[in-house]
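Each of the two complexes below includes chain A, the first together with chain B, the second together with chain C.
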Partner chain A sequence: MKDIFINEWRGFVRNQLFFVLSILFTGSLAVVTYLGIVQNKTQIEIHHDAHRHIRSQWDEMKPTNPHGAAHFGSYAFKPNTVLNGIDEGITSVTGNVLRLEGHAQNDLVYSEASQSLLISRFGKLKPALLFQFIIPLFLIFLAFNTYTKERESGRIKLLLSQGTSLQKILLAKILSVWMIGVLLLLFAIFIQIIFNNQGINAETFLRLFTLSLSYALYYLIITTLTVLLSVQFSSSSASLTFAIAVWVLWTIFLPKIAGNAVEQLSPLPTRVEFKKAMETDRSKGIDGHNPSGDREKELEKTTLAKYKVDSLSQLPINFDGLVMQADEEYGNSVWDKHFGQLYEQLLSQKRNYQLSGIINPFASLQNLSMGSAGTDMIHHLDFLKQAELYRRAFIKILNDKHAYGGSKTGEWEWKADNDFFRSVKDFEYSTTSFANLWTKYLIDIVVLAFWVILLFTLILYSSKRVSLL
Partner chain B sequence: MSLINIFLYEFNHFRKSKAKVIAYLLFLSTCVYALYNGFSLQNKQKTTIDGIEQKIQEGITKVLGWFDEGKTGPEDRPWIDVSTPFWALWHTPTYTIKTPSPLLPLGIGQSEQYGFYKQVSNWSTTYDSDMVEELANPERLINGNIDFAFIILFLMPLLLIVLTYNINGLEKDQGFDRLISIQVGNIQHWLLARSGFYFLLILVTNAVLILTIGILNNAFADFGSEMISLLIVATLYLCFWTIISYFIILKSSGISSQAFTMISVWLLLCVVIPGAVHQYASIRYPANLMTDFLEVNRKEAYSVFEVSSDTLAQKLKAIYPQLANTKNGQDSISDESIVQHTVSALINEMNKFAVYNIESLNDEKNQLIATSYWFNPVSFFQNKWNNITATDYNAYKKYRSEVQKDIDNKMELLVIECWDKKKVDKITYQTYLERLK
Partner chain C sequence: MIHLQNIQKTFKGHKALDDLSLEVKAGEIYGLLGANGAGKSTTLNLILGFLNPDHGTISVGINFEKSNKSSKNIGYIPENVNLYPYLSGLENLDYFCKLADLKYSKSELSAFLTECGLQQDSHDKSLSEYSKGMRQKVGIAIAYAKKAKIYLLDEPASGLDPLASNELTELLKKLASQGASILMASHDIFRVRESCHRIGILKNGKLIKEMNAGDVTSNELEGIYLNFMQN
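Moving on, here comes the complex of A and B:
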């Protein structure tokens, strides 16, 4: 088997077209990976500048009423991950800026896709585009006649007569073609590490390992399938045509069909419906029996009892701060209910899409690629949740200052000093460790492994049944 | 053998080739599915718009009811007084809506990236967070929707490849290409007739589908020229791919190389070149985090409130010179509450300036994209198509300018009416409704 493998590689190296294509691919990969890093670094720098700028405005705040400061608010900018240069996933279609303020939970706005005319329906030319679209086609091109060529030339009989089994021949051929894909993949990863070594840590290596593993498995699927077709079809052209048809179906057609289908299976509410439901819960109470006015009266009663006074003016604290915080907390529970349901629905759509990997392994690859690059929906929702948690803590600090900072009820002109505002911690998003998220991608890995096993079983089965005459 | 005979033979060949017939039928069913997607989005938008219009009516009825009952606002909010222009205009529902074009089922374009309705308030801008797209699964968005434009731009060339990949290649593989040369005389004519059959087949399919949607959606009356433009774009695009496939067929050395060349050219034109341009444009013009706009919207807007009323009044007069003739404008000391109520007009001017810069930067990026069209034809056809179906960036830019126009109208009315210290009654309120309709 080792000899066949080496022989295959000798054949590749001697083939001029292969040589030219390999140089072209390697060069393209190096350039594309490098440009991906450049683009990502530029975006990260812009993000840092924006973040610093907004924070400096906060730090320079003159003495202000804390509630005024809650309205002044802050902004969270969705950061690019280090591996965004490889696969940007959903980054370009989601917004980048989130306004954090009192009373309101806003949407992420200003997506890159909304800032210009449409250019590419398949995304930017980043390594992921080459890994997902072009390298598989290259592997198909290398593998489509790997068996038929041997059969047509009669060399297969010669090989068999030397005592090698057909299974070993096919396996060696699969591995030799697969190795080319893996080498190209590793080359791109190497470039990534060389030119993007800042911020590379164990977490990044874990992500790069998962990314490489998923592509390696997918390339094994593509190569095995093409060789299988080569064994099954009598002519090279038929096997090539069929392999290309599968490639088109998997990469172009099915992802869109599956994406649409999962959204139609559990349709999301319109923004108007969603907003209306939240407003209703906000004003009437989630259970419909606890209107906001009643909640305020109840809080007043409890607070007066707690401080053992008869009126709000006798309170040693500012009751307005308590009301606003109570309202925030109520609003948070409404947010948790509605956004919780929305996020759960989005994740359920994702799980359904992941299942489409059973008929289309490309879907599993896409999920794993985006997931390991930290640019998929799971990471996106994680950012939104962390930003919302920060907003809650941020507003609570301001409301507490309003309530307990020294002012009395109704003193809206009371101001907190600059030291207080500077002491409020800034929002720092930390990407959740991939080790904590890997279970979410388990299904994709299992599906890819399932395809590998299935195709190897089929190829072993075919090798026993195939006629050599 | 005459051209017409070759053409008819090709029809027979197509009819008897199961793979080609299946590919064609698959294409047709995908077209139907894509049109269904387009109609679904159109209907969803229409339903949302109907809901908004109902909400507007409810709001109007509520305020008219206050006037009829001699109330100035809701009982639990005593500070609201709709007899003043400020509160009357606050309660004048103003929405700017982008009604979906009847051609939307033929191309969704970028419509899923933008909002299509906007409630205009005193503090509105064209980059408010309520201008964002509808709730959607972002992973579905990156894969994109299967809409009719996608079918024409990306799947139609693939269908052409499936239908023509073995023309000439098969004959070369089987070694009777020379026989054909002898039979037909000119091999180029033979290839032209064979390719021509598939060109016509796809052309007729496209035309029938586009015209059917036009009829179903009553688009001919108001969008006749756009329908014709779509037909022309689809035909030119088909010609472009037919010419490419013809030359690949002509230079063919066998089915395998022919199929591989065709799919490689498709990949290059549809995926690699647009992707490279996209990446280059992103490096030249990275995603804008709109800090200039945020600056105006937050810090500068807040700093306005620190300025004295007299200064603000002077600034307002500079924007609206007619204020000099209003009651407040003629008073020696400006009414502070009136100035505070109309300060949003100043912030609107500041926002407009910030937005202008953002739009200019976006236009520069679009200019860069347009300069790539000579080597990036697929993006050219794609944006041309989206432009006709009013679903591209420019259509939404136009919509944003309409939103801005409505904000300006509302601000002008607010400032003039407040400064003139108008007393609002039911008839005046109805005039507001009419003016801000």
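Moving on, here comes the complex of A and C:
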């Protein structure tokens, strides 16, 4: 098998068209990967600058009423991962800056897609675009006639009469073409490691390993399938046509069909519906029970009883702060209910889409690519959760200051000093370790492995059944 | 030794071979004559294991079973030797030898090519620069380098000039003298008469005539052949 593999590679290397195309691909990949790294670094620096600016505004805040500061709010920045330069996933659509303030849970803003005029159907030119669309196409063009050219020329009989088996010939041909895809992949990873001076730690290595493994498995699938078609079809043109049709189906049609299907299975409310339901629950009480006016009266009663006084003016604390925190906590439970449902729906959509990998391994590849780059829905929801937890702690600190900082009920002009604001910790998000998330991607790996096993079984079966003449 | 017993092979209702029995002894060259579609190539494909007979038995060599499709004991020369155009003649020979688990030095490989009539100065040239005859000689060298006990030749002289054809005849005789069994399918009555010890004529899948080559002249063989083909 080694000799067949070497001979195939000799054929590639001595083919001028292959040589030119390889140079073109390698050059494009190098440029795109490098630009992705530079672009990512720039975005990270812009985020850092904006983050520093926002924090310095907070730190330099003059004595202010804590509730006023809660409305002034802060921002949570979703940091770009190192591998965002390879696959930016849904980040360009979801945005990466979240405004944090009292009374409200906001949406992410400043998505690149909302500001760009260059939104193409395939997304931005990132290495993932080449990895997912172009390299598989290149592999198809290299593999579509690997068997048919041997049969059409009659050389297959001469090869087999030398004592080698058809299985060995086919496996060697698959591996020789697959290796080209893997080398292009490793080349891009190598550039990523060399030029990314932000530090490639164990976490990034784990993510890079998963990313490489995913693409390597997908390339094995696409190569094996193309060689299988070459074995099954009587002519090279027929096998090429079918292979291209599968490529189009997998990369363009099936993802859209699967996307629509999962939306039908787990429909999401519109943004307007979602906000309106939250506002209704917040003002009228969850499911119409316990409206806000009743809640406030109940709180007043228990607080007066706790401090053994008859009126709010006799309280040693500022009751307004308690009301705001109670309202906040009620709002949190409303958010938990609605966002919890939304979260489950989104995860359900994600799971169903992952299952579509059984008919379309490209879906599994996309999931793993975005997942290992830290730019998919699972990572996005994790950021939203952590940002919301911070927002709650942040607002509670401000409300507590308003209530217990020394002011009395109704003293809206009371101000906390700058030291207090400086003492409030900033939001620092670190992407959740991939080791803690990998079980969410297990199905994608299993599906890709399933496709590899299925296609290898089919090719071994075909090699025993196919007509050699 | 090649032994075919009552072989029958049908393609979509058409009998390609009908109760074919023949034997090629060790040290013998057997020429199989016949028109296009007579069943010559089908016979070779059955022996090579590329086809399975509907009926009958095939035994090749002493310990070699037909069911073992990947035979290293058979040297095969197809009518059109299609090798790898990006390799030289020497590299092609080296590659095909490696597939048969044969390791030869460059000088040994070169000697095989020379022995099969390919000039030394063309050994390292790319096959894309070869004529059909030159490619055929590399094909012959591939079979020859196997030092097999069985040789199957399908129109081996196709594309060869008279001198090269004559050299091929001499090479086959040399192999036979070393104990090889050679079955050669051909249209070339003269070459078959010159090369073979025994001759069989196939028509519509049936072996209709067998004779010793020494018992007939080329002209007589042509007359016999044409007579069978026209009736």
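Criterion: the second predicted complex is superposed on the first by the 464 of 469 C-alpha atoms of A that agree within 3 Å, B and C clash if a C-alpha of one lies under 4 Å from a C-alpha of the other, contacts with A are read in each partner's own complex, and residues count from 1 in each chain.
Definition applied: contacts are C-beta pairs under 8 Å (C-beta built on N, C-alpha and C of every residue); 3 or more make two chains touch, one makes a residue touch a chain.
Please read all numbers here as calculations on a predicted model, not as lab measurements.
Quick check for you: in the superposed arrangement, does A:F144 touch first (chain B), second (chain C), both or neither?
first
For A:P66, is the partner it touches chain B (first), chain C (second), both, or none of the two (neither)?
A:P66 sits against neither chain B nor chain C.
Return the chain, chain B or chain C, that is in touch with more residues of chain A.
Looking at chain A, the partner in contact with more of its residues is B.
Would you check which partner chain A:S153 touches, where first means chain B only, second means chain C only, and both and neither mean what they say?
second
What is the contact status of A:R14 with respect to chain B (first) and chain C (second): first, second, both, or neither?
In the superposition, A:R14 contacts chain C only.
Looking at A:G321 after the superposition, I want to know if it touches chain B, chain C, both of them or none. Which is it: first, second, both, neither?
Neither chain B nor chain C is touched by A:G321.
Where on chain A do the contacts with chain B and the contacts with chain C coincide?
Common to the two interfaces on chain A: nothing.
Which part of chain C faces chain A closely enough to touch in the complex?
Per the stated touch rule, the residues are 45, 48, 50-51, 69-72, 74-76, 78, 80-84, 86-87, 91, 95-96, 98-101, 139, 142, 146, 152.
Provide the residue numbers of chain A that touch chain B in the complex, in ascending order.
Per the touch definition, chain A meets chain B at residues 32, 35-36, 38-39, 42-43, 46-47, 49-50, 53-54, 57, 72-73, 75, 77, 89-90, 92-97, 99, 106-126, 129, 133-134, 137, 141, 144-145, 235-237, 240-241, 244-245, 247-248, 252-253, 255-257, 259-260, 262-263, 268-274, 293, 342, 346, 349-350, 353, 366, 370, 376-377, 380.
For a test of understanding, state which residues of chain B touch chain A in their complex under the given definition.
Touch list, chain B to chain A: 30, 33, 37, 44, 47-48, 51-52, 76, 109-110, 113-115, 127, 129-146, 150, 153-155, 158, 162, 165-166, 169-170, 173, 254-256, 259-260, 263-264, 267, 270-272, 274-279, 281-283, 285-291, 294-295, 298-299, 302, 362, 365-366, 369-370, 376, 379, 382-383, 386, 392-394, 396.
Once bound in the complex, which stretches of chain A touch chain C?
3-4, 7, 10-11, 14-15, 153-155, 157-165, 468-469
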